[in-house]
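Inspection log for the structure reproduced underneath, given as structure tokens.
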Amino acid sequence: MMLEKLKQTFTVTEVKEQKKNLTFFTVPKEQMEMMLITLRDHHDYKHLSFIVGIDMIEDGVFKLTYMLYNYETNHSFGIHCNIDREKAEMDSFHHLWEQVGTYQRELREMLGINFEGSPRLEENLSLDEGWDGPPPMRRDFDTKEYSNNTYFQREGRVNYDPREYMREQLYPTFPKTESDKLLNGGGKK
Amino acid sequence: MGPLGLKIIYTLITLVICGVYGLLLGAFMAKTMARVQGRIGIPLHQPFVDIIKNYGKRTAISHGIMFYLGPVFRLTGGIGTLVFIPVIFGSEYFSNFSVAGDLLLVMYFIFFGQLGMALGASEGGHPYSPIGIARGLAQMCAFEVPFALAIIAIAIQYNTFSITEIVAAQQGGILSWTFFTNPFAVVAALLAMLGMNMYPPFSIVLAPQEIPIGPPTEYHSAYLGMLQSNRAIFAAAKLVLFMNLFFGGATNFPVLVLKTWAIYMCSVLVGAAFPRFRPEETIRFFLRWPTVIGIVGLLFAKYYLI
Amino acid sequence: MSSKDLLPNDGLSEIDQEFFCQAPPEYISPLPKPIEDFMNWARSESLFILAFGTGCGAIELRPLTTSRFDMYQYGIQMRATPRQSSVFIVGGYASVKTLKRIVRSYEQMQGPKFVVTLGSCPINGGMYWDSYNTINRIDHYLPIDISICGCMPRPESILAGFVELKKMIRAGQCDGANLYAKNFAWYKANQKRIIKDWNMPDYNW
Amino acid sequence: MKLKDVISPFYVWKRAFEKPYTNTNPLETRDGSANYRGFHANDIEMCIGCGTCEAVCQNAAIDMVPVEGVDTTMSDSGLRPKIDYGRCCWCALCVDVCTTASLRLTNEYTWFSSDKDEDFRFIPGIDKKSWDDNELGYRRHEGLELLDYKRQAMDHIPFEDSTKSFIEMFHGYSAKQAKLEAERCVDCGLCIAKCPAHMDIPEYIKAIRDGDFELGAKILYATNPMPATCGRICTHLCETVCSIGVQGDPVAIRWLKRYIIDQIEPGDLKDALGEIFPDNGKKVAIIGAGPGGLSAAYYLRQLGYSTTIYEGREAAGGMIRYGVPEYRMPYDQIDKETNYLKECGVEFKFNTYVGRDIQLENLMDDYDAVYFSVGLTIPYGLGIEGEEHPRVLSGLQVLDDATERVEENPNIGKSVAVIGGGNVAMDCCRVSKRYDADVHLYYRRRISEMPADSDEIHESQGEGVVFHTQAIPVRVEPADNPNQVKLVWGEAEMVTPKDGGRPRPVLQEDKIHTDTFDCIIKAIGQEGNYEFFTGEYKEKLETKWGKIIHNEYMQTSIPKLFVGGDIANPQADAISAIADGHLAAKGIDLFLLHPDDKQMKK
Amino acid sequence: MFTPDRSKYPKHVNGRPEIDLSSGKYTKVWHGPQHPGITGNMALEITLCGDEVVESITHVGYLHRGFEKLMERRTFIQCFPIVCRIAVPEPAFNEYCFSAALEELSDIEIPEQAQWLRTFNLELMRLSSFLMWIGGMAGALGQGTIGQWCVTHRDYVADLFEEMTGGRIYHMYMLPGGVRAPLPPGFKERAFKVFDGIEKMLDAVDKVLYNNYVFKQRTQGLGIITRDMIERYGVVGPNARACGVKRDVRLDEPYVKYDELDFDYVTANASDAYARAVCRFEETLQSIDLCRQVLNKMPKDGPFHTKTPNVMNWKVAPGETYAKAECTRGEYGFYMVTDGSDKPRRVHARGPSMTHAICLMEQLAINTNVSDIAGLMVSIHTYPPEVER
């Protein structure tokens, strides 16, 4: 019902009722601020649980989710907003809730999203002061590879794949399965 | 060897005995505290090992001459306090350099160490040291008031500044102790002692949580060893002083042990039960009731006892 | 010492450089044997742990320091400042940001000093073997005296490690500070490899 | 400031007069609890080295390594987990997913080291540790199933209806069932070795999970050009070594294979597989269009050889078509596969019986190489008195007749005795059932020792075949009615020989029975027919125990001649024949195009 | 009473003081990361004017392990052991929220007994964490004795955990589909014995700490969170309840078996450190009561785990959800996004410390005495690892 009302003013799309007290929907970037203010001030969604960014690399967007909570009805809205991945910018809402600044710092750090005007945005929240890699939560950042290249491993590990090992031991001459080729070099792992 | 030489030797022996006793007492109190906390606590020899270890550290760094002098002053203060206090009343060997005005000297030495320490510690360069010093000196100033009042009260009461004479005046039965003749002064002094002994609620100076351990933050190795030695000697000196001034002194070691233990227990008793005061609360505390009691004690001595 | 052997305190501003020592740590030879043995006994019986909970391990140090296990009865106590401590506990994984503080704290401790690592992470990365922010093995950055595995090691296990550490100290086998001095350049190079903004002195004592 | 607030805190001292909390000897008094997750222990005998623990370990703490004293066998990779305690977090997922329940955690928890090179790695069970014998510690609780131990049941025509027609009895998995069944696989790959054709089973099961049937079909065809056949009637040796099967039902690998290939319409195979066949100008003749021949033809085509299959019958399939009844193996499925081979460019010459219509010598001269897999076609005799009776039929013949004339009763009458315990015997029983016969099965040993698949036995029983086990035929006697025959049989007792070994049935002379049947079907095995070998080939061809001797690439003692199928291998099943065909194709390739190869006789 | 002259303090611009360190009026000190008065491995960069804090900046990241990244490359079951490491002193809430979110997204209903066991585990976790907190609060103000007692009794709770789950600290008990093991025989009696001990101890704590002149002196009026700050700073849990706001996820949106338990909001009014301490003390007692209730109401037997898809190949259909629970600090939740693969697309752990430790702490610290920083820090109960994860 409330959504119907909101739909009159906002472009609300992709509504999904996940469970009794949690609904997700998407609004365009420009309407986000008004949406948050409307929900907060007129509909009692006073509590901001969190802001999280998801890297939808296949769509070329970052999907931001703002989770608002209404203490009166115990209902949550998860509001999505897609922003361009290449030009990752979003309005800063630090004036709406105090903790937003912290979340925005984290998003800047982890996904590289810029929030114009957000306080202390350039300070790293979690990462080391000298972090020189890409924003780590981006999908194209490979943490294992980074770790392997950066930190020292304790040597001396060898691992055998049971199926390869059994082939060597039991039937080395049998024509090799071509499925490796079929699977683009994928084996067990 | 002349009488002075002998005296020096006796004093040195006293010093060693008091140092050892101070360490043992410290360890025993730590164990008592541990007992309250429901555990076993350190072994009795732990303070000795700690001191040996600290003297045996391989490296030590200095932040300049004053930094080095800090613990030296502190130790001097401790030793200075002790050597002018007669430990066992009437004993030739343990009377130390008790002189006519030794109470004043002792009072001086009690502060000397702390001031010296304050000078040295601030050289360490660590911001926690000056914060600790500020707190320490402020607290010292605060507890100094009731303490001084109490001292003055008994000086008036016994009309002397000689500790030996004060002790002598209290001989002759338990009721002639200052504790019973001028309880106000004694209470004021004992409250001041709570602050002096750095047990909660007056331990903010060395508080590990509020600031990591205050003035001695930068002290380590042999410096720390010196501070620990001083702690033992100084504690012993203070306790003996209180015993002498308020509890009739001791004519032999068992009595000394008993009385000093009891006095020390006051701090521990309170220390186990309370958290710490903030510095300004400490000051407010000392300048309020203990000071009032001290003044009452003084007036009591001046107008009632004499 | 030639100027070549000196590492510049290059992370610091010129004003700050004056505040710090310019010389690398030195190898300090032990005292004559009987004295050294006695000292080692004292060192082993008086272990001051630096109260720096670098990771999950800190959670199991609490029971150890409190009544249930009461490590004070073993001559082990907590100290708030690195200057007075002799044992450094790397309590689990170390993120790069923490490693920087670990190095500084460790260097401020006075020798002889001992390092105990808790858990799997400092041995070979543990759970966070593929994390971009945690190191995998600590012994390339600090000399380690004893490693205790477990996730987390229980207080009993840590205590057993300490008992062993005491034995080793008595036997004169724990010489981490000297090892650090000897291989100083190697340790520093490893540390600098991952600590990107080196804004602290190379010589921290 | 209330006075109470000053006095009350001194209550703290009460504790000083109570017993301290401290445990003064924690090192010796504190064993881990009964399900404490401490250090690992592994029962080396039980472990099969499937590597599931390694796969589930999110810390990459487990390596599978070869260990001394454990040999690689068909059901054991010979590898054992080596655990890196520089990685482990003691979550015990490895224990929960251990397919054999050999891995467990003990309640020991103390391990420290001052050695710089100590890497905290060990192989539980091999490297002796103090906690190996601790009985306490974490094990998977009954009721916690992270793996799926229960097989998806396949729907089939109920037994009361199944005997009424030759319609394929099993419906095949539904999409949901197949997905659920495919999800049961843990990707260990132990089955690959056991499969004679070494099919990449985990990968095609994975393709089902991903819903990518084209990829699945490609993987199937990589090692087996007859997946529709094998998906139905394979002896599924793979399932006997399935690691899930240790504690539960093995994954239904066979049905999953069938599921993949069933998803591809007969005409779409070419598109799905998208294969291009080169041509290298060499010609190979293949004798027999059974699985062995078809397989060889397919892989030779892949390598670029032009292949011609000579088949004596009018259709391809061999024993698959003529020896397996239609309710198990519908003919359109065989056609689907052979048609694809035709599309691949394999040439078929049907009704061309080598040795009768064409001579082996001609083939040997005309082709660069010849491969034959003619199967075993001559039934064994019962070796008892009176078996020449006309009502004693050969099982193969009955099945063959059933194939040729499905609707028509192949003259078996209404009461049938089947002798034997193999798959052919089961087929005969069930075929007879479908011709409304009353069927009795006689087998020398116990049910558990029957060589037939357990499914087959189960289904036969379900369809109402009467089993007489430990029953030894003594002789065949003519009955009063010339269309009937009497079987004299005796009950047997299983006797374990003194020197150990398999118990043998021994006839109990006092328990002899006589039953009368319309016919007796003997289905106790077959042997090869070598009559098309003539002249010098007959001399040169080496055989042993009725099977042809060959090298590892199926080359016979005659260099140009390759062999495969039942006539060459001891398993005598379809999948082995297919494997032989694959191997022979490689052998022929080595023989013809790699003259330097040392393994081949030139 | 003496009130300092505010005019000497720095001007505030954008809610931040303007500080010129070179003026010599200010001292900058770091509380942490190597500092015994700090809760966990974090740091407060404090600027002092005399003894008063004019600015406090929270630094976290010392425990950053990149969980959310690590979970992107781990399968669902592989995430299960690592989530509990996010917040060391309260691993159970991570396990629960992760499992609950995953179960919701893959339509798994967990058995009755598993729900009871989860309730018990969560409530016991709260108890354990509260005990640690009471000890920490007393310790931060110099009353070490209480700290010793509480941590000891927490260790007895850890023994219960060990028996129940097989681990003392990281229980890894609530795995997707239910729990890992039933209660061992005789557990109830042993648990009740432990609870009795704790109650006895808490009674002493009440006498010693909560009726203590010095403790009251230190904490009353310290770090007052005003009513309007609750919404603005997103304050949850006991911090909000100490202000009289009735908010508790256990009651607002009951999960597992909380709707079958008998309990109510624990609130206080003063909203200062003392009120928070009282609130948490009451909640500790409430936790014990709830644990008892659960053990009494729980059926004797029953399946404790429902069959999940084979964990080695567990794929979850695309979807997203947010599962939350009331941990000792307030609303704790996992936001999970799946994309049909065998790995979560994105998992976000929402910890109350994200707001409490940073913006709230920075605000509350201003104009307090530096000696109170440790006590203030503890009184809002923060765990740095849930900030940086």
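Odds and ends about this structure:
Letters A, B, C, D and E name the chains as they come in the text, with residue numbers starting at 1 for each one.
As a convention for this text, a contact is a pair of C-beta atoms (placed from the backbone, for glycine too) under 8 Å apart; a residue touches a chain by one contact, two chains touch by 3 or more.
Predicted, not measured: the structure shown is a model, and the values here were computed from it.
Shared contacts of subunit A and subunit C, meaning chains that touch the two of them, come down to D, E.
Following the contact convention of this document, A, B, E is the list of chains adjacent to both subunit C and subunit D.
Using mean Cα coordinates as chain centres, the one most removed from subunit D is B. Between B-D and D-E, more C-beta contact pairs are found at D-E. Distance from per-chain Cα centroids to the pooled protein Cα centroid is smallest for E. With centres taken as mean Cα positions, subunit C sits 36 Å from subunit B. With centres defined as mean CA coordinates, subunit D is found 46 Å away from subunit A. Distance between chain centres (mean CA atoms), subunit A to subunit B: 62 Å.
Rounded to a whole number, the gap between the C-alpha centres of subunit A and subunit E is 24 angstrom. With touch defined as above, residues shared between interfaces to two or more other chains in subunit B number as follows: 34, 36-40, 208, 212, 272-274.
Residue positions of subunit D with contacts to 2 or more other chains are 9, 11-12, 15, 20-22, 24, 32, 55, 58, 84, 86, 89-90, 119, 187. Shared contact sites, meaning residues of subunit E that touch two or more other chains, fall at 35-36, 61, 64, 66, 69-70, 73, 81-82, 85, 145, 148-149, 152, 170, 208-209, 212-214.
Chain pairs that touch one another are A-C, A-D, A-E, B-C, B-D, B-E, C-D, C-E, D-E. Partner subunit D is touched in their complex by these residues of subunit E: 74-75, 77-82, 85, 145, 149, 152, 159, 162-163, 165-167, 170, 172, 175, 178, 180-182, 184, 204, 207-209, 211-214, 216, 303-305, 307-315.
Touching subunit A in their complex are the following residues of subunit D: 49-51, 54-55, 63-66, 72, 74, 77-79, 84, 86, 119, 121, 187-190, 192-193, 198-200, 202-203, 215, 218-219, 222-223, 299, 552-553, 579, 582-583, 585-586, 599. The touching residues of subunit A, when paired with subunit D in their complex, are 154, 156-163, 165-167, 169-171, 173-175, 177-179, 182-183, 188.
On subunit D, the positions that touch subunit C within their shared complex are 20-24, 26-27, 30, 32, 58-61, 84-90, 109-114, 116, 118-120. Subunit B contributes residues 32, 34-40, 269, 272-274 to its touches with subunit D in the complex.
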